[in-house]
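These notes are about the structure you will find just below.
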Amino acid sequence: MVRYAFYPGCSLDVSAVAYDESVKAVCAKLGVDLVPIADWNCCGATEYWGHDALIAQALIARNLARIDPELEQVTAPCAACYLNLAKVDRMMREVPAAAERVNRALAAGGLHYEPGRVRVRHLIDVLYEDVGRERLTEASTGSLDGLRVAPYYGCQVVRPFCDNDDSEQPVRMDEVLTWLGAEVVEYPVKSQCCGGHMSQISENEAFELIRRLLDCAHRSGAEVIACMCPMCQLNLDAYQGRVNHHFGTGYHLPVLFFTQVVGVALGIEHDVLGIGREIVPAREALRAHGATVVAAAEGGRDVP
Amino acid sequence: MSRRVGVYVCHCGSNIAGTIDCEAVARAVGERVADVAVSRDYKFMCSSLGQSMIQEDIEKEKLDRVVVAACSPHLHEKTFRRACSNAGLNPYLMQMVNVREHISWVTKDQVEATRKATAMVTGAVERVKRQEALEPQYVPVNPATLVVGGGIAGLQTAIEIAEFGHPVYVVEREPSIGGHMAQFDKTFPTLDCSACILTPRMSEAGQHDCIHLLTWSELESVSGSVGNFKVRVRKKARYVNSEICTGCGVCEEKCPIKVVDDVFEAGLGIRKAIYMPFPQAVPKMPVIDTAHCIWFVRGKCRACEIFCPTKAIAFDQKDEIVELEVGNIVLATGYDLFDCRRLPQYGYGRLDNVFTSLEFERMCNAAGPTGGRIVLRDRETEPRSVAVIHCVGSRDKRTNEYCSATCCMAALKFGHLVRERIGAEVYSFYIDIRTFSKDYDEFYQRVMDEGVHFVRGRVAEVTDVPRSPAEEGKLVVQCEDTLLGVQRRIPVDMVILMGALEPRADARDLALEAGISCSMNGWFTERHPKLDPVATMTDGVFLAGACQGPKDIPSSVAQGAAAAARILGMITRGRVEIEPVVATIDEERCSGCRICNALCPFHAIEFDEARHVSHVQASLCKGCGTCVAACPAQVIRGAHFMNEQIFAEIEGLLADAWSDVSEPVAAFAAGGVDD
Amino acid sequence: MNAETKPKLALYWAASCGGCEIAVLAIDERILEVAGAFDVVFWPCVMDGKVADIEAMEDGSIAVCLFNGGIRTSEQEYMARLLRAKAKVLVAFGACAQDGSIPGLANLLDRDTIFRQNYVESPSVDNPESTLPTATTTVAEGELHLPAFYDTLRTLAQTVDVDYFLPGCPPEADRIWDALSAILAGDLPPAGSVIGARTTVCEECPRTRHEKKVKEFKRTWQVIPDAETCLLEQGLVCCGIATRAGCGARCPSVNSPCIGCYGANDGVQDFGARMMTALASIIDSNDPREVQRIIATGIPDPVGTFYRFSLANSFLRRSRRPVAAGAAAGAATRGED
Amino acid sequence: MTDLEFQPKIIGFLCNWCSYRAADLAGSTRTRYAPNVRYVRVMCSGRVDPAFVMKALSLGADGVLVAGCHPGECHYLEQNYKTMRRMTMLQHTLRQLGVEEGRVRLVWASAAEGHRLAKAIDEMVDRIRSLGPLRWPAGWQERPEVLAAIERVASEHASAAQEVAT
Amino acid sequence: MTEVTLLEEVVADTPHGDRLRGCMQCGSCGGSCPNGAEMDHTPRALFAMLFAGQRDEVLSSNTMWQCVSCYSCTTRCPREIPITDLMYTLKRMAVGAGVARHSDAIALARVFTNMVERYGRSFEFGIATRYLLLHHPVAALKNAGLGLKMYGHGRMSLRPTRIESLDELHAIVDEARTIEFAERNPGGVTW
């Protein structure tokens, strides 16, 4: 079994604690061994790039440099964290002069990172490729029972460093959730932007972007939105009320991390997955399919 | 070895003399380099006066070698070779130095430019002293020609050669000749009916005594060289006896299996399991699609056989290999259309009413799947607005970097057709409109007059997700209108994607077989992009049409005709000259180690098992010198690029470095460089 | 024939192992014929002799001098110049005199490094003071001189004009005999020639050969080669392709790849270049990274592999000198070429 | 140590079909670049023998450029791959002989890439300028004390010989 | 010394920035931008201004501050120009030149980067309170309810997390700053 260095990122500590809980639960269940990077630091999100480029790179590279030398892959669930790790590794590989600068900075802390030493992967990739269809299907308890999910990838997992999925119309989360028994709805805006930090600095603009995403999910008949980024989850979930207020709409769409949906499919208890931490509650939608969970737990449900 | 070398430094007006002190170069070389009998500089060496200066010197000064320092040998090597030849000096005893393109035009510093020129002329003198007289060789030319590809370009070549009574074999992989042009409805900018101008050509080719059509056939292998190629062609089984089939079409009518026609109808129409791709097909003879025919799939049916009035169905037919001997080969294999699914932001394959240009062509064609009606995928609704997106898969580093050259005009044609036939609004989204040929820009203006809306901006995406009531149920084309500097979303009913022209998927395989090369983009490489766009690096292999690069019909026809003219010239001459720059193995000294054997892509090196030595077949050798450089025993000799010659040239180039080491040595000692 | 009228023969041993001296004796009883035909005037390895006697001879009075070994010290250079002057025909005898051979591989280093390694660092050396030989030592009684040791070993021909070359490490007995017979008979090729074959070892090698493609270069300990097919095709770096024939393919015949002791083929100036280009040509990969890997792992010591016998006689002659240590005098002139 | 006055001498092997034409194109588009590369035209970069490179270095060249068609674009189909392999092999050997990587370079330039070739040459000249002169033949020279010793041995023996004679 | 144009500076300061020279003004970026409507100039227009040498107009544009880092433009650009990264570069230059327009974005970035440098981790509550209270007291009130909800769902911590080896992190950050300073002042500066 491959072990992966694990970079949780700041959000998973606090606002996206549900992501953290569900990632750990799901990985434990699937035998994916995550080894947290010792004393990791913030990746600087997008803010640092516009502030100070070399510090941004050095902060990210510090995490890469601190990865256990025995591990060859690192996975991050947070989209921005994943992007940053991948971006700096790629930049250091392609532009040797840049790598040299970063390593000079790292050397001040007694660290060094050899570009390309670790392979940076998003967790969806680990589930899709390494765990794979067969094991996921086997592990599924059938408890999703056709839950209608809108797969929302957001930007930074699929752009610009996604080598193995489409950056416009990605399919990997669709596939994983389908294997696990969800009914993945057509969601053409699946890789469009949620506004990111605009919700904090320019609300009105962010609200419009959020509205488009909610509207499309609503039209497609989704019961929940599954996402893979703490920022997306925050914007779609926590700001949903204010968006409704702003536009006079009445969307009621629970927004879960995709790992929470996967966890439900694997029969993991909702509390363990952090379900309930979302502002727009998902329990109702899950309950509509939940009777079968109980049945499954009691053993004896026929899978149609 | 004592030689009498003449050195001539050209001023090229001020092109060279403006940067290089030509007189100083001539003087330095004349004084310092051994065996230089004459060293002159002159205003224009390529002028008749310049040439006669060389000729007079050869005669009067008894020169046995000549160096001309002027422009690129690619421009004037022939000129000066001829000048020497006329004065009785073997042309291969002349060496050119390119002091214009390689020095004066690229160097600012006049001192350094003059130094570089002196070094390079010295190199050439040292080299030319060791050059040898070479004589060209000749081989006879087989008058038969092979044309690969039965599209308009290939047909043009075939007909023009056949008109002179020489045999031509046309190999076409589809069941009928005609190519892409047969699929089109109208041709720009004249709006001629494509079929009306093409089909007479097709039948002319089909009926010509000298043209042998090998349709439903593919090229297997090519061997031999210019004048005498041997070609193997696979004639795929049609399962129809060509001797007795009359092309009546009863089989097709009776066949119960309907198949989506992905080739001729671009997926928009239906054909049968036994079919002719289109009614005017040449030869007028069907073929059985074994992937769908019930007999081949399940061993039942045989309806075609039962109903065929001449009993022409032959289920037991086998592929057949035909061997041909030809003197020349023309590649006219055309292009593939870009797979628009590769740009998912445009929605092709996901959004029903996004069409490719070829689909739209078929839709416009009266003989096509909609009978010429412009309708949405439901085959009923006429669109009220149509978007035409240019550059889909062109001018894009992520797909194809080049401009596909034809799509702007085709897009204009589509705009015209929509306006004319259904009066719908047309939005044409372009980066730049390229209407480069005769009457093309006039056509652009005409289409503008007809009310087509032009939006300058590469489309970002096509979506069916509405943001406003006006967008409900529409396809929304989102782009930046770069002339306004704002983002626009334009709702339409139908989108047409002007997909790029791409090299055939198997172009590289064919190139390898024919011994020619492909550009980075995959198009076949011509001999010279300006001065010889018809021939290739392999003598006797010519190019016609879009296989060499995106091309419209007139250009393809012109190139096809040009290839024919070149070949007719060779047939008329009856023999071809082969450059004497070839490798020879000193067989006395070859130890048969066989290092060189696998190195020649032209298969010119063979191993003589009996004598245990390797041997170069001069007629196949292209003179690249790779084997010469590889021979561990150094017993392969590369004419005109021999080791002694190149070593001497290096010595001459570095004469200022090695003839006086004391200066660097002093610096060496003093500097104590510790790198 | 008495000693007065017999042609005079001299043999000398410079920077080499001495194997060539033994090789002369390996011509067996034919040595008696040599002794009969020649008056051996100088052969320090075998008989007593004084340099002064040679110095006293007329220039050109020695008919033939077989000189083995390269030139590493000032004494060897002196002897080379001396024998050149005295001998009508000077033969560079064996690989060391011709190409520098194994002693020439030390051209990867310079004098100081060689001294340090040999006199100080070598584990078997006991030299607590780290004393190094110097050309001049001053003692109470005056100055003592040792021959000066060069940074760069030179071949005989880089030092003096050479008439003939007899390749091999050592030259094969039969080839020596052929050469001596030819000299006796006065049946000599033009001066400057190598007395030997004009093709390579493959000519004499009994193994079967095919078109070559090599995916991996192997070292001898990695494989037990099959006895029939070309060793190179089995991935072993066999230098037979580039090495002058004459040995009868001794090594390949006993399943061992040719290491190139007969030097380059006739007319070739750089043996290593021939090996490099030939081996690179047959690597079965067009992927730069894979090629890099095949070369780096298969040929860990390229100079030792390609220039084992010929570094001193290659185009580059030596490795780049650590410059600070070896700055030459301003008067230095271009090396002979 | 960078010698700004130092004008490196570089030998450049250009293949007839791509890189030579690239250099022609650089000329016709008046692309200025460093004048330090002196060209040798060969039909194909596959003709470039490692011996040429070493010969040039041994004669005092500070660097050698080999330019060919892009991989897959060779006018002789695939001969430039052989060049790539040979140059890799040569670099491997030169490294052991102490020749820095930047001195011998392989560059791909199509007939349309005059600018690219010019840029590569400028980069190469800069790099070699920063490496300093190579001065290979000077590396063969012996030190002054060695040269003195040769003279001393010769003169000592000469006087000894004179003594013997008298 | 010839004056360095803003275009040259931007190109030099962005990995693969040289690709910008190949911009053919097609507008794929402006068409793709989810926030394009809010920009005073689309990215394409901004590049045209860069080519035209309009230094002040470019640096005082709001374009880069409206960038949401979604990389749509970057992945769609037919010339493979790293547009998102160019926006970061322009932000830095605008701040450096003191003409940056979008004070909120800068303020958020300042607060954020301060927190990260202080603790080694982001501290959402600290950022939110500090940024909003200082810059948007009204919005702070509006968002207070949201904050409470988050707290109630266990998604807000009132205390920052510190990494253990803060010294190491600070050493790296300081060194990075020194390197950049030295690069900006190639002549060397006496302290």
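Going by the order they are written in, the chains are A, B, C, D and E; count residues from 1 in each one.
Here, a residue touches a chain if its C-beta (ideal position, glycine included) is under 8 Å from a C-beta of that chain, and two chains touch if they have at least 3 such contacts.
Here the structure is a predicted model, which means the values were calculated and not measured.
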item	value
Chain D and chain B - chains in contact with each	C
Contact-graph distance - origin chain C, target chain E	2
Winner on C-beta contact pairs when B-E is weighed against A-B	B-E
Far-end chain from chain B, centres as C-alpha averages	C
Longest centre-to-centre distance from chain D, chain (CA-based)	A
Centroid spacing, where centroids are CA-atom means, of chain A and chain B in whole angstrom	48
Interchain centroid distance [CA atoms averaged], chain A/chain C, Å	69
Mean-CA-position distance for chain D and chain C (Å)	27
Rounded Å distance between chain A and chain E, as computed from the means of their C-alpha atoms	23
Per-residue multi-chain contacts in chain A, two or more chains	168
Per-residue multi-chain contacts in chain E, two or more chains	72
Residues of chain C touching at least two other chains	274, 277, 281, 323, 327-329, 331-332, 334
Pairwise chain contacts, counting only pairs that touch as defined	A-B, A-E, B-C, B-D, B-E, C-D
Residue ranges of chain B touching chain E (in the complex, touch as defined)	345, 391, 395-398, 431-432, 456-461, 478-482, 485-487
Partner chain A, residues of chain B touching it in the complex	343-345, 350, 461, 463-465, 467
Chain D residues touching chain B - in the complex, by the definition given at the top	1, 7, 9, 11, 17, 20-21, 23-28, 30-33, 35-36, 38-44, 46-49, 51-52, 55-56, 59-61, 69-70, 72-79, 82, 86, 100, 110-112, 118, 131-133, 135, 137-138, 141
Interfacial residue positions of chain A with respect to chain E in the complex	10-11, 13-18, 39-42, 44-55, 57-59, 62, 91, 94-95, 98, 101, 104-111, 155-156, 159-160, 167-168, 192-193, 195-198, 200-203, 205, 209, 238-239, 241-242, 276-279
Contacting residues of chain E [partner chain B, same complex]	24-33, 36-37, 41-42, 44-45, 72, 76, 78-80
